[in-house]
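Shared chain: chain A. Partners: chain B in the first complex, chain C in the second.
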Partner chain A sequence: MIMEGRRTFGVLLAIVGTFAIAPLLAILYYTFVNGGQLDFSQISRMFENDRMWHTLGNSLLLGVLVIMGTTIIALPMALIRTKTSLIKFDWLDIILTIPFMTPPYIGSMGWILFMQNNGFLQQLIPSASWMSDYFFSLFGMVMVMSLHLFPFLYLMLRNTLLRINGSFLDAALIFGRNPWRNWAKIVLPLLVSSYVLGILLIFIKTLAEFGTPATFGSRIGFQVFTTEIHSYLSRWPVDISMATSLSLFLLSVCLIIWYFQNLIGRKNTYSVLSGKTQAVREMKDKWYIKLGAWLYVGIVLLFSIGIPYFSIIVTSLQKVRGDGLSAGNFSLASYQAVFTSGSAGLSAFLNSIVFSFITASVTAVIGLFIALYIKKGETKKQQVLDFFSLMPNIIPGIVFVVGLIMFWNSPLLPATIYNTKTMVVVTYCVLFLPYSVQYTKSSLSQLDQSIFQSAAIFGRSSWDVYRHIFIPLLMQGILAGMMMTFIISMRELVAGLLILPPSVETGATFIYSQFEQGNVGLGMAVAVITVAMTVIFMFLLDWLQKRGGHAGA
Partner chain B sequence: MKKSSLKMIATVGTLLTLALALAGCGNNDTAANEGESSAQSKENKTLTVYSAGPDGLAANVQQAFEEKTGMKVEMFQGTTGKILSRLEAEKTNPVADVVVLASVASMDGMKEADQLQSYKDAENADKINSDWSDAEGYYYGYSASALGIAYNTKNAKTVPSEWSDLAKAEWKDKINIPDPSLSGSAVDFIYGYTEAEKTGWDIIQSWKTNGLQVNGANKEALDSVITGDKDATISGVDYMAYKAKADGEPVEIVYPKSGTVVSPRAVGIMKDAKNVDGAQAYVNFLLSDEGQKLVTDAYLLPGNKEIPVKDRAALDEIPQLTVNWKDAETKQIDILTKFNEIFQ
Partner chain C sequence: MKISITNIEKKYGKSQALWPINVELDSKFVTILGQSGCGKTTLLKILAGLEKPTNGEIRFDETVIYSSNLRKNVRPNKRNISMVFQDFALWPHMTIFQNIAFALKGILPKSEIKERVDHVMRLVKMEGFEKRKPGELSGGQQQRVALARALATNPKLILFDEPLSALDAVLREKMQEEIMHIIHELDCQAIFVTHDQTEAMTMSDQIIVMEAGRIAQVGSPQEIYHSPATPYVADFIGKVNWVDKGSRIVRPEGVSRHSQLGAIAKQAKIVKSTFIGDRYLVQAEVEGNQWSFYENAPLEKGKLLKVFIDEKQIYQLEGLH
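Right, the complex of A and B next:
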């Protein structure tokens, strides 16, 4: 079949290699080679720098604290959504992913505006001013980041718990002793493996995060790797070799963590997926459980969505920001300015849409071919391709961006895409390819083996088999991957900041530059529009998945 | 099954087409412009400008220049630091023709590093403030901002009149300063202030003891004064304060009588410029009366003293410290290191 030949492997590896691996090699080259000679002075200069160790300490500390923060929020939420009557309300899952879909720098700006001295909180409740001092500390930063990242851990835990709910617990009820023992002996061990997987990914995501450290962290003087790399690249005096050295170091840290995750993952994986659909049992709660559950959900929603969005929307509506929350200080002027034809905000927003759409389409096609080749990853070649195509998920985006800049500016290349719009799309594709590969792979894994066999027997040619059988069956997964890629590309900040060609802005960089130099109200208006569109897309995605589920059954 | 999946595809297709169509509508003008410019490019070429000018000014200059010359300008806007880093990354593969920086020290550094070319015969060059420009014509100080104390008129209890006032108890934890590694003008301020005042570093230390916060780029620092988080910004760039004031925000700026730093902004032509004629035309335009008028519209000080300022203090009304910008760049790196040591 066409997806198994050696040539296919060669072509796919060449694509992934040029776009994802070459940038990393460029980082290695620029760190260790100076004027054509092997040179370790850069890397030793980095290790001699106290500031680097300080930054490393900060990043790791932040990672650990955010793991704790997200656990505190996500674990009870996952239990509530699977063990109480709230199991019925699937719409909650979409609402709960809004924080994750909110660009982190906007979320933390919202919190800053709310909590700061004379901020919205103090205007609403003047006596709450003592809270500000406590908030602008590492504690506040961990809270803001946890509130942003928890949906990720929550969804993983919820899915595992839902699966355990089924036959495992039935068996335990029949053969086991008391409910607590069932919990300790069955649910917890099963939960641990997906929990460990989840928190390691949270750890990596925290290390890779740029938005919150850039806004909140710089305010409290808390530097992490990403902000350091960015500042070596964009602050005066510029030090590019230091940025590549730091990138290399961050890359190594992430790969080590990823290695441990694999080690743990392999040891503790139990197959909790069976073909049977789980029957959702009707649950009746005692009143206090129900009340407590709703209260908890309410508080989490208030903190993760309510407060930041309150600040964002209010700021986008304010006429005079110095007048705060006073009647008559509100107008739609910022929105009008955005929707004026040819305004910078609008064209930036539309650029984002075009870039994201092209990225979603390109990654969908490449992702499909890669997923079809990898299948279940049984041969070495398949595993190699699998690893390389998912690598951008483990490696912080800023590292890739630095590598891409170095690679495409290399004097050895006959032609370059640097400083063109193509560069933006290529960068996005590299960063977000894993999403489309994962979505397509997971819908491929749901196809029964018999389909492959009957296709092989009855199919006319292998191309026909793909066109008439696999692609239609996989369409739902591909579309979901496309939507996801689209949403994530819409909010990408750091890539845009570093690689956009002259005269081009994206929604994210436009908003960010409004904080740096321009009109904050205008920036917030673009933010509100972007998020509103993202939420609409998410509901659509959910609707598609549900429809797809019915259609496939 | 087939039917519903077809429907699904159709829905998604329609939605995405809609999104694209929307995008297409908005981008129509730019697409048309691009077409035009590629047709013209044989005669006129496009001009690439890296500008650290204030957002509005850079866009206005671009528009007026395009209308006047018919040349298409590709504009990259960013802070001085971002532009320098971009130039560094692109060293092997340069794109910029003209560079506009918010710091003369950095501009002088570029001249020393042999990255600029001289343009002695710029029109109006004789009218431009010679303190801000290079005698050999490598760069021209087309505008400047003065650095003062920007304060919130609603929250500040007294009006500050001296730099040392901000070390007093009433300003405790209420003051900030733009981060000098992000803001070219803040480096200029610290450099100029510590060079001219013997007690400069002691005063900076006393601010630190009084809870001085180092707060992002210029706008971010001013923003926390506007929203009331802080009461005053030290080394606040005046044109931003005047602009905010014009928008009705409760902000005012004062220049201490003992003197302050005026931070010039300069334009120069890259050595590797591909479109030298266009670059020279751009410099001429910035120095022309029309260009200088746009500068004053952005509440900046014009390089040409004859052009009247708009709703702000004129250059001779501002008490100044004497600062020498020659070879300032290397000294500024030391200053920055020292500042970072104090504030870390």
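Right, the complex of A and C next:
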């Protein structure tokens, strides 16, 4: 069989170990060791700090509120897409994932531009200006984050509901006494486990989120873990041990939640798959259900895509921001400025493309080998590698970034990549390796066991087997993973802010710095280009997966 | 109970899953037999009320269950039927007891529910498994529980949607017998969907053969085998030897090497002999057609010989489609 043996494991573990595990060990080292001595004073200093407890409270509160927010948006949406005639409009799913793929800081910038004093809302409806005060509060922050994260929960709920829709529900229709009891006793219990898994992941993602707290939270003075860590590292006086202590704490919180998530997942996931999904039945709704459903979808799309996209596009097209929405105030000047060769915007954007492309290629290769080694994760070694390679998914990006900075600054290293562009690519690779591993693994899991066996019997050499059988069969998954990695590398903000060498910028840091103190129009022009590219890639990705489905059938 | 199906048809958009179907069923054990995609499961789901027909009427005795003209559609749970699903469809989060008791709440007083569950579990020989969850049972055991759940409400009609296709051959035969036995013991009817002609032959009193959304023939197993209505049915059920292509057939039992009074002689060239346990199945070429018949000893390949057909056993197909 392929990709087995001790040497492969050793090589792969060494790669993952150096780049993903060593940074975490570096955090531990800098937190607990001071001058070669074990020292707990730093961690106790953190626990004595009132500000830390305040931050913890803020982070947890935000997590709970975002869970509520995403539930309010995602649950009705999942019901609408599975129980009404809207079930046939599969294109809605791609549209609904756009908010999730939009960089969160761009989404919140859009909302800030729309709601702020003299923003678009006040220009369009002057009488609605009272809303601004209410919006710039924890409520607004939760809303913006929920609008970004809800697609994730929605897709999980929708898939579970679709699977229950098969013979499980048919059996309930025949044996059940009334629809409410069927709903309470059969649909709800089957839905609960995937709901709990979904919201725990939402909680972790909220804790790990940097973009929205950095743009929106800083405006309303709402500090969370990620922004605290960032400010300890970037504002004078730099306090490294505080940053590592906080990172360690955040890491522990995430690991605990992840542990519970696993526990629940193992206990309560039934093979809902046994309920055969069947051809979609025709559904006819009463007019008010249809109207209500479309209205709901319309409002969600307006809030999650319409308003933020409107704001960033219009801002990028405005000549003078103070002049507002008037006919003569539009031009392409910002775009011209961005596309002038040698401009800061263009070089930042090109940097992003180069970094993202290299990251996508490197992770694709490493991800392929790891996925081929892990296969179904049956042996201990395979599970270990699986766990380590997916770890960056559970651990907040900023923790890894802090760890990488500590590790590559270590005086023990003979040479360092710190303060070079390589460092950026390495960081991206560590952060986004899980995507490539997951995509390749999932397309590997779709291959029947017999393909491995026939390859083992008929393949003349293992190189032959890779080149002619596995790589072509997995190509679709590899490409999908590459595109996904490219998209999220393009938008990565916190890594860029902390590790970019002096005078180098990426698209994301350029947008951020222009928005905070500079030419907002210019920043938004780059934002629009980034977002447009993201959306195009998403449709390509969808097309790629659909095409693969047809070829495989 | 007499089940009357009048002009029931089903369209999915433009494609016609069922052409208007008219049939009356009153036998105890009815099988709907056909290849995949012939519309047999659609018809079953229409009877269950899980699919809504585009047109037509269904009556159970004199009660209208569905009528497009009267705009009447009785809910699945009010039709006094139950169903055994192909994938069992036992709810995975409930114990076996809860799965079976689910349909009983509200129609039986609480004190009697346990008694009834015990009773049906005994019928399917699964006593003692009540506290398990479906995931802890084997496929065959899950199938028995699914049957118990279907029996629990004392339905007038049980619908089976290819319930045995997920089981292995030995288990399948055993379950066939047990299902037949249970149905014949109880006061209820069964409609059984399958693509397996042996299953249909052994189990049913009445068979509906379906082809591409239409009924090809309705009849007892004997009628279907000896007097197929169309060439499709003749080819689909059992082995067939065409005396005249498309019009006259004889089954292998009607062919022998021994001359009889009133037998027709034909020249045959042996293609191969296969041992099938109690005898040999001989395949031969007769007037350009592939024939088969049974022999007690193998015949040499390529051998030319005479075979005799009992004229009484030749069947003339009526009106061709």
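Assume the second predicted complex is superposed on the first by the 539 of 553 C-alpha atoms of A that agree within 3 Å, B and C clash if a C-alpha of one lies under 4 Å from a C-alpha of the other, contacts with A are read in each partner's own complex, and residues count from 1 in each chain.
Please note the rule applied: a contact is a pair of C-beta atoms (placed from the backbone, for glycine too) under 8 Å apart; a residue touches a chain by one contact, two chains touch by 3 or more.
Everything numeric in this text was worked out from a predicted model, so none of it was measured.
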item: Touching partner for A:Pro189 - first (chain B), second (chain C), both, neither; value: second
item: Partner contacting more residues of chain A (chain B vs chain C); value: B
item: Partner chain(s) touched by A:Thr427 [first = chain B, second = chain C, both, neither]; value: neither
item: Touched partner set for A:Thr160, first chain B, second chain C, both or neither; value: neither
item: Chain B versus chain C as contact partner of A:Gln116, first or second or both or neither; value: first
item: Touched partner set for A:Arg219, first chain B, second chain C, both or neither; value: first
item: Which superposed partner A:Met475 touches (first chain B, second chain C, both, neither); value: first
item: Partner chain in contact with A:Ser316 - chain B first, chain C second, else both or neither; value: neither
item: Set of chain A residues, in rising order, touched by both chain B and chain C; value: none
item: Residues of chain B touching chain A in the complex; value: 1-2, 4-5, 8-9, 11-12, 15-16, 19-20, 22-23, 26-27, 29-30, 48-50, 54-56, 59, 73-82, 84-85, 88-93, 95, 103, 106, 152, 154-155, 179, 181-182, 184, 187, 213-220, 223-224, 226-230, 247-251, 333, 336, 343-344
item: Of all residues in chain A, those that touch chain C in their complex; value: 166-168, 170-177, 181, 185-186, 189-190, 268, 270-272, 274-276, 279, 281-282
item: Chain C to chain A touching residues, read off their complex; value: 12, 45, 48-52, 75-77, 81-83, 85-94, 102-103, 105-107, 135, 149, 153
item: In the complex with chain B, residue positions of chain A that touch it; value: 113, 116-119, 218-219, 221, 231, 233-238, 240, 319-324, 341-342, 344, 346-347, 350-351, 353-354, 357, 405-406, 409-411, 416, 418-419, 472, 475-476, 479, 482, 501-503, 513, 515-518, 520, 540, 544, 547-548, 550-552
